[in-house]
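Let me give you the structure first, and then I'll get to my questions.
Labels for the chains are A, B and C, by order of writing; each one numbers its residues from 1.
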Amino acid sequence: MRLNRRQTLGLMGAAAASTLAAPAIAQNKKIVVGALRFTSHSGSFIAVERGYFAEAGLDVELKFFQAAQPMAVAIASGDVDYAVTAVSGGLISLADKGAIKVIGGALSEEKGIDGQKILASDAAFKGGLTAPANLGGKTFGMSTAGSSFHYMGSKVAQAEGVEMSFKPLQKVGAIIGALKSGQIDAWSIVPHIAKPLAGSGAVHIIGDISDYLPGYQVTTVFTSAKNAADEREQTQDFLAGFGKGVSDYNSTMIDKADGDDGVNEMVDLIHKYVYTDRPREKAAPSIINGTMRINEGSKLNIASIRDQLEWFQSEDLVGKDITMDTLVDGSYVETYEG
Amino acid sequence: MDIRLDAISHHYGATEVLRNISLDIPAGEIVCLVGPSGCGKSTLLRFIGGLERPESGRVLQLGTPPEGSLNPLTFVFQDFALLPWRTVKGNISLVLEDHGIRGARAKAIIDDVLNRTRLADFADALPKQLSGGMKQRVAIARALAVNPAVMLMDEPLSALDAQTRELLLDDLVSLWTRQPFTAVYVTHNLAEAVRLGHTIVVLSRRPGRIREIVSIETPIDQRRAGDPVCQQKHDLLWELMREEARAADEELIDG
Amino acid sequence: MADAEGVKHRQGDSPIEVRFRGGGFAPRSRRWVGVAVFVVLIALIQWGTETGWISALTLPKPTDVLATFGQLWESGLLFKHLQPSLTRLVIGAALGASTGIAIGVLIGLFSYVRAGLVPLVAAIFPIPKIALLPLFVIWFGIDEGSKYALIAFGTFTPTVVATYGAVDNVDRSLIRMGQSFGLSWSSIVRKIVLPGAMPGILSGLRISLAIAIILLVAAEMLGAEYGIGAYILEAGSLYDLERLFAGVVILSLLGVLVSAIIGLIERRLLGWRI
């Protein structure tokens, strides 16, 4: 393995730490966890707030990012230890460079649970784009080439046997603007963004991603290759703390195990991190709407990851010689072929 | 065509520059203006040329300019004011183009004035390729091209070295003898004034007034260095100038 | 003097040659130094990436960048990316520079225009034009219109400032001369002011066109499938350093090309300068 200066220093630090030969649990080890201010990152927020990371012997500092892309780069540079993000060309590329590894799953499409929606602009809808089958010749919004939007759009088009052109617009905000003003025809996005947009009448929901990509592993837990290889104990501790947070989230928000009081309490907790610029009463519906089941025990749908890797390779977005082993370290969590 | 200055006075802000200047400039004669630095000679010349207006008093043309004069009142500047991006020929045609003179007619005029200023070989040269003296000859050729009634020359030779200045003085003398022209010639150099001027007007220090008008009867083409009449006029002018210059100098120190 | 010399000689001092101290401060053409700097730098990076002293995450191998370039060329993708970018660059910069020169000349010539527009230009100069891109998309559409507008807007302001500065710097004595020969206003503008301002306008264009190239990447952030900027952005989001550097090298070459073209124009138009 080749190392840059930062990685070398990190290794030296790790070596020094391991000579102490004390279990991680007693050390109150400092780690940095990257997060976006989305409800889908609630697992980390809950684990911090309820002390699950502390119980696991980790002193977690949350570091917030505006987008997934810089978060992946921060993991590669060693500034962040663990994070959750969608599989993208950039992520695979960084894995190929020996910088990062996917170690678990977070969000996935599941039968019976509201998943990502396919949207059409009002103009395109009125022009007959009422079902994904009519996407031929349309423009589809995406942040950048090789993003998860690109993957989803492509897979839908492939399944419908049509050709679309993809418009890179960098930011989700820009895509929404372009869709509302009819500059692009279609897009796909998580339901808590899709539904309010459709409610305003500016766009229309014309389909579900889960019909095309059942079991789609949308986001994954990932870390630096160094952590995955040399910090097994710490990584397991992180996954343990994170898993408890996820469990709390699923049982409270989806299974309503603690009733409405439980939901309200959870909304309060999440509101400390998400929609902080809005008052509680305005944030609550968005937080509740955005509820999605996060994988228990960070289970990872390895088949979906494989499909994504192969698609990125077929589009020549990443190297053809990249293997699943380069991208995924499956030794931490239960994997399945969904 | 004669020029008459009628009681010209002028201020720049609070500074009084010229006070009550009245003067006749007869056709076919060279009038030299001398005076201490800052007394308003250039200002007066700009009034005559119509580039600025005096506060009070008038500049009058007596009679009509000669037939075919494109630009009756024509300047020759101290810094030549040639367009560096045009050739010698182009600089002269510049002042003809606006009068609709192009092609063969323009070429005839340009050839003529270049011959008169001994520049025929340099028609296609750019100003950067010329010496200072040649540049000023181009400027004179350009002035001649518009067939002026009166040439207004503001220290045309003072940017040149002594030898070049001598040669150009000779050129001006021979130009005038071949075809007399009217000129107002501003200078600091009394030798130039004595060499060229039919009359020499001495201005006082600022505010400029007419201190003395000295005439020299000797024909221009017969004036030689060491000529007793010229020498005497030179000394007279020098006395007048010295007083003014000294007074001006002391004023500057005081003020 | 002679005596003093003699005295010194008698004391036995041998004559010393005067020390030369007039060197330096005179730029001379040393083209090969620039090439050498490039070669050494690239060789160093090649060696570093080869030995692993520089990680694959830090810099790509120069030979890999070259190979990527070769693939771009062979697959014809290079021209697929270059053609739209050059079109955007040429149209955007032509729009921006020509209106910039026109407005700059008007500011230079008319006091009312100056009083009205100089504060406005000063106000829009520091706006990062990239920030206005979403607005341009709404005004001019997501396709070529917004890209032309961004590049045009970005080249406009520096051109205006350079142009009116250049007009201000035209030798007043030449304008006086024009007036003294009774030249018409339009003749003075065409034959004296514009040629006199040309050196300043051209050196302003050097800067404006470099800005246009910088803005090309920004312009292609929104809705561009092909283009050098889109290519670079895509490479960045894929963390594909070889493509990223290949794209950056193309931009650099574009910059060198533009600078060479302006140099050529300068040599043709400004041969009269000393």
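To be clear about the criterion, a contact is a pair of C-beta atoms (placed from the backbone, for glycine too) under 8 Å apart; a residue touches a chain by one contact, two chains touch by 3 or more.
Worth saying up front: this structure is predicted, and the values here are computed from it rather than measured.
Chain contacts here run in a simple line, from one end chain through to the other with no loop closing. Among the chains present, the centre nearest to the common Cα mean is that of C. One simple way to say how far apart two chains are is to compare their mean CA positions; for chain A and chain C this gives 42 Å. Taking each chain's centre as the average of its CA atoms, chain B and chain C sit 46 Å apart. Averaging C-alpha coordinates per chain places the centre of chain A 86 Å away from that of chain B. Those residues of chain B that touch chain C in the shared complex are 49, 51, 70-71, 73-75, 77, 79, 81, 83-86, 94-95, 97-98, 126-128, 142, 146. On the side of chain A, the complex with chain C involves touching residues 2-4, 7, 69, 72-73, 76-77, 88-90, 93-94, 97-99, 143-147, 165-170, 174, 177-178, 181, 183-184, 317-318.
By the touch criterion given at the top, residues 52, 54-58, 134, 137-138, 141-142, 221-225, 230, 233-234, 237-240 of chain C touch chain A in their complex. Residue ranges of chain C in contact with chain B, taken from their complex: 171, 173-174, 176-177, 179-184, 187, 191-192, 195-196, 198, 270-274.
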